[in-house]
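Both of the next two complexes hold subunit A, though its partner changes from subunit B to subunit C.
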Partner chain A sequence: MQSRGLAWRLVAPALFFELLIHILPMLTGITMSFLSINQFNLANWLHAPFVGLANYRVGVSPASPIGSSFLSSIRVTFAFTALVVLCSVGIGLGAALLMNRPFPGRAVVRTIYLIPYAMPVFVTGILWRFMFLRNGAVNTLLVNVFHLADHPLFWLIGSNAFWSIVIVALWRLWPFCFLMFLAGLQAIPTDLYEAVSIDGGGAWAQFRQITLPLMRPVLSITTLVTTLWTFNDFTTPFTLLGSGLPASADLMAVHIYDNAFLHWQFGIGSAMSVMMLVIMLIFTILYNRALRVGSEVA
Partner chain B sequence: MRRSLAAQIGFWVALVVLALFVLFPLYMMITSSLKPLSEVTLGTLYPHIVDWSPWVQMWQTIPLGRYFINSLIVSICATAISLLIAIFASYAFARLPFFGKNAFGTLILSTQMFPGVLFLLPLYLIFVVVQGWTGLPFRGTYLGLILTYLTFALPFSIWMLRGYLESVPRDLEESALVDGCTPVQSLFRVVLPVALPGVIAVGIFAFLNSWNEILFASVLTNAQTRTLSIGLQSYATQQQVFWNQMMAASILATLPIVIGFLFVQRYIVQGLTAGAVK
Partner chain C sequence: MQCRWQRVATAVGAFALTAGVLAGCGGGASNTPQQSNAPTGSKTGGETITFWADVEAPLNQQKQIWQPVLDQFEQQTGIHVNYQAIGWDSLLNQITTQITSGASDVDVVGIGNTWASSLAATNGLLPLTPDRLQQIGGKEKFVPAAFGLTGLPGQDPVAVPYISEAMGLFYNKEMFQQAGISDPPKTWDEFLADAKKLTDPAKKQYGVVLDTGDTSDMAHLFFVLLSQKGGSFFADQAGKRPTLTTSQAHEAAKFIGDLFTQKVISPGSAEYNSADEMNNAFINGEGAMMISQNNSMATLDNSPMKGKYGVAPVPIFSGGQNVTSHVAGIDLAIFKNSQHQQAALQFLKFVTDKEAQVELNKGFHQFPANKEALNDPAFSQGNLAVFKQVLLTSAKPTPQVPTYTQVETDVGSAIKAIASAAATGQNYGDALIDQQLKTANDDIAALSATP
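Right after this comes the complex of A and B.
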């Protein structure tokens, strides 16, 4: 059949670009992780000295400043991801359940809720940096309006910076969960609920027997996608705090970026990238499995 | 089924609290763009004097118009190239068997999830080498930026479009094929017109992602090619930060994007939950 030749001609441009912008850089990145590249040999890095696994050893050795800060960055990234995803999924599911029944003004409320997700991320970061200034709106609310604090807090430096990136990431991400869950809920046929209520089941029984099992595919896909996005997040910390993050908010993507473009240690940065890639691959396998589970259910 | 009064009150309180969480920063963004610079960093919750001058001055403090145009050029080019390549590839994925289909599909799905920084470091060094060999500048040019934007726009477009093309009924094409169309003709005359809303949605999403991009742009642009996502930071100068102008420019950068998003939001749900929601 000629369709095979045709299929290959159709995918050839895509394959060419995939090789050029994904495969070639990934192979280059792995090569770079075995070289000692710094600002002095950057222009001529193809001839940089081969150092074997030294970059990896430096990267994960708790004794060296580079290694201990990378290990702490991994811990921060995991804590950040877990917190942001759990809260986003929780708030998103709660809001979707509330909004599942028609009420006056529902379309307006739904649109308002979606705005944070729709906004350009770099604007979100800049806007919250402004709000988190020492003389900013957040401190005005805390000190002058609600009297929850005696004096203005520093939000953009020190240990509070962690909570700042969590709040901003959460502000942006929960509407996405809400959007996905509302679509999932609206796809559940209402007669299923009627069947349970005829059998004498209350709201909790309906949730347990109908909502939760039918929502499982959407829940798992949303959780995995948001986990990946949050784990990879560069824009939120970068626009909120700039590069050279405070240790409490030192997310992995920015940490690797800083090693390369702030300290010009491309070899060490690449070794860290490869380690991050390994973590990502585990996520990807989970995601693929969840998709497969999803299509079986549907 | 009527709900009790307590449930009603709880329902509205929850809705309003969430709405305030969402709206308060937006309120601050709008009101701060109308404050004079002397007031904007005092943390006041409303402007004591309404001052429209930030909306005028924001064009002079930084080359805002230039940044807008740069963002438009790069985003439109990256979107157009991705769509064009993706239409052909996703049609092959949706309709035709070919050797290596599963492996290629997995590659596309996986690379779309990898963080950009994994590609940025090696691409930057590849650009250094290519420039050394050929003199072609990829750093600081539209070309280099557009190429790096394909790293996320292309796999995303192929993956989403594949879903839409699969949803087009096969009978439509078969009658076209019987009438003597080639598969490529039937793609353009039959399948794409039916899947047009999906194609437009994918295009808008690729555009939005490019518009939002900051990682590649922070390293690969210079004063001439700087995009809006990076350029907005220039309101923070050595001497002072023009927060009021920055907020005004932020509103300007936000409005078209939010409107575009609200038009296409239901398609992202379809694309991401394909198979999970029926």
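Right after this comes the complex of A and C.
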């Protein structure tokens, strides 16, 4: 009994901060999503009118301008997340395989690979914004150096804005995948590869029979984490494009921010946040069930 | 009286809002400039108030301009001011978060004067009753036009003006001379003719550069163009009936979009989402003209463009109304939950008295909101004289309605989308203009219907 009490006392601070920092704000956000909060009751929002599911209905109604733009934002966010995560995992895995074998200068190359991940996100966004401006480095390379385009393109407005946020998010994210995968690869005993080699297996057989199965836990966790981060990404689109994103790049996080903070529709913004949270929860549960993430460790 | 649990829940709510998207999304790092003079040790003796200052100049310059005023205030009253400069991109969010939380750690805040009516509606700012206003020095010490944008009509003001601004046409004298243009344009027809003469895409030089990606600046420019055509944002003073689907609104929006199709504006303008980016493009010779507020002078005068540019009133449509600017400016307000209301009132009085007004506004290249200070010769010289004339004769106040900040967002977003479509050639035309304006109109009508 005494040890049980001690255990509770040791866990209590962590539990308290978990409740304070994660659970309570989340519950408050859910509460707000059932209220009609606007500038008239902002200072006293606890007394804002209870509107039940009205904010949710507005958020998902294709007939209303708010609903149709939010639904479009969900579609854009799914496409953005899928592209960024798939490419990050692919590039990260490729780079980790290349870096797994020792060669002169490996440490330097590995450090260079990690620079995008080490840079503060808003610095990354601002730098890429300069490069993507119509008279920036990207168009100079495309038009003047490689002659891939006849005239400078717009990267920060119109349909290309989507590709801008994908490129920047990918640039930021793949080094994290690389780091995780490299750690995973280095934990694989080399004698396993030797065994396949003795059996006559080439590089592809080694990758298929040894690398992929043993990397499965790292791959699963990395994909899950990067998906959640990318789905949530606020800083990349905000620093690159500002608020009021073009329709092609209208990611949910900024879309919700605009609704809540620029239109002062905090109830609707909260409802949208809850819907976003539900989408992520569903994805996480399905993903965990499908891949049994974490079970490999046991 | 609020119960303890309600206060806790309120604070948590504010936390959730600030965390950006209520635990559903990742937080966003802001690129907002922030600056503080908070002492490293604890302050002993005397009162301390916290002041969120709006950013009116590059941060190092801004600090140099404010510090002597804050020092004089402390010397005179014994009240220390914990000064924090908050960038414009996050100032309004921080204000709304402060109001939502009911926190009392900030006392005074600088606000855009067009926000005053919306913030008054939140009930989060201290109403300046006749007695409090008298402590600041009375309504009479302010320029009437500036004092007009300090709250909701028929109610006590919630702020006092301390900076006045106006919009003007900046032009590059050297480029004008090279193109054989002797005077800046007075009408939009002359403006377009001059812009064509000044445009040479081979040299990456265009007649005009704007920041059509900045929703706030676009809302202001659209407001001026619409006013010149005899239109307005609302059919009524209460702001219940928006009128953005009129022919005047269509023509005003089309004028901005057509700058791109007529190829007289730098195409990059569609991507510039701040006055800073526009100023830099103007300095780099990308555009021979730009439309901006007088605070752009602070940037231009710290660049190679110093002495090489002129200023004129914004052109008007032939036969149009003489409106060449909105009444722009900055107000100072006190948070209702401030624990230092008397000290904050003293600060407002000090900053809006003649001496501080002259000192601050000279530094910021702005205009005092104090009548006496405005008569100082410093504000009637050179380019500032043009802005002063605009402010006194052809500036129109924006609507003082509770939803104005959202109106500005909606209108600005519509113009930004129209300009973006015109620049990229994606679906630009009358139908798109009408659709964007209708969306803004419907949104504003829905907001205005809120009791």
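One rule holds for everything that comes next: the second predicted complex is superposed on the first by the 282 of 298 C-alpha atoms of A that agree within 3 Å, B and C clash if a C-alpha of one lies under 4 Å from a C-alpha of the other, contacts with A are read in each partner's own complex, and residues count from 1 in each chain.
Here, a residue touches a chain if its C-beta (ideal position, glycine included) is under 8 Å from a C-beta of that chain, and two chains touch if they have at least 3 such contacts.
Fair warning: this is a prediction, and the values are worked out from it, not measured in the lab.
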Task = State whether subunit B and subunit C clash or fit side by side on subunit A once the two structures are superposed.
result = clash
Query = Looking at subunit A, does subunit B or subunit C touch a larger number of its residues?
reply = B
Query = After superposition on the shared chain, which partner residues are touched by A:Asn135: those of subunit B (first), subunit C (second), both, or neither?
reply = both
Query = Looking at the overlay, does A:Gly94 come into contact with subunit B only (first), subunit C only (second), both, or neither?
reply = first
Which superposed partner A:Asn38 touches (first subunit B, second subunit C, both, neither) = second
Task = Go through the superposed model and pick first if A:Tyr257 touches only subunit B, second if only subunit C, both, or neither.
result = both
Ask   = First (subunit B), second (subunit C), both or neither: which does A:Met180 touch?
value = first
Inquiry  = Let me test your reading of the model: by the given contact rule, A:Thr235 touches which partner, first (subunit B), second (subunit C), both or neither?
reply    = both
Message = After the superposition on A, what does A:Ala79 contact: first (subunit B), second (subunit C), both or neither?
response = neither
Message = According to the stated criteria, A:Ala118 is in contact with first (subunit B), second (subunit C), both, or neither; which is it?
response = first
Query = Looking at the overlay, what does A:Leu212 touch: subunit B (first), subunit C (second), both, or neither?
reply = neither
Ask   = Once the two structures are fitted together, what part of subunit A is touched by subunit B and by subunit C alike?
value = 22, 24-26, 28-29, 32, 42-46, 120-122, 126, 133, 135, 232, 234-235, 238-239, 253, 256-257, 260-261, 266, 269-270, 273, 276-277, 280
Task = Would you tell me which residues of subunit B are touching subunit A in their complex?
result = 11, 14-15, 18-19, 21-26, 28-29, 32, 41-45, 85-86, 88-89, 91-93, 96-99, 104, 106-111, 113-126, 128-129, 132, 147-148, 150-151, 154-155, 158, 183-184, 211-212, 214-215, 218-219, 228-230, 232-233, 243, 246-247, 250, 253-254, 257-258, 261-262, 265-266, 268-269, 272-273, 275-278
Message = Help me check something: in the complex, which residues belonging to subunit C touch subunit A?
response = 2, 6, 9-10, 12-13, 15-17, 19-31, 89, 92-93, 96, 99-100, 102, 118-119, 121-124, 204, 213, 215, 267-268, 270-271, 273-274, 286, 336, 402-403, 405-406, 409-410, 412-413, 416, 420-421, 423-424, 426, 439, 442-443, 447, 450-451
Note = Within the complex, subunit C is touched by subunit A residues 22, 24-26, 28-29, 31-32, 36, 38-40, 42-46, 65, 120-122, 125-126, 133-135, 152, 154, 156-159, 229, 232-235, 238-239, 241-244, 246, 252-253, 256-258, 260-264, 266, 269-270, 272-277, 280
Task = State the interface residues of subunit A toward subunit B in the complex, per the touch definition above.
result = 3-4, 6-8, 10-11, 13-15, 17-18, 21-22, 24-26, 28-29, 32, 37, 42-46, 91, 94-95, 98-99, 109, 111-123, 126-128, 130-131, 133, 135-137, 139-141, 145, 171, 175, 179-180, 183-184, 187, 217-218, 221-222, 225, 228, 231-232, 234-235, 238-239, 253, 256-257, 260-261, 266, 269-270, 273, 276-277, 280-281, 283-284, 287-288, 291, 294-295, 297-298
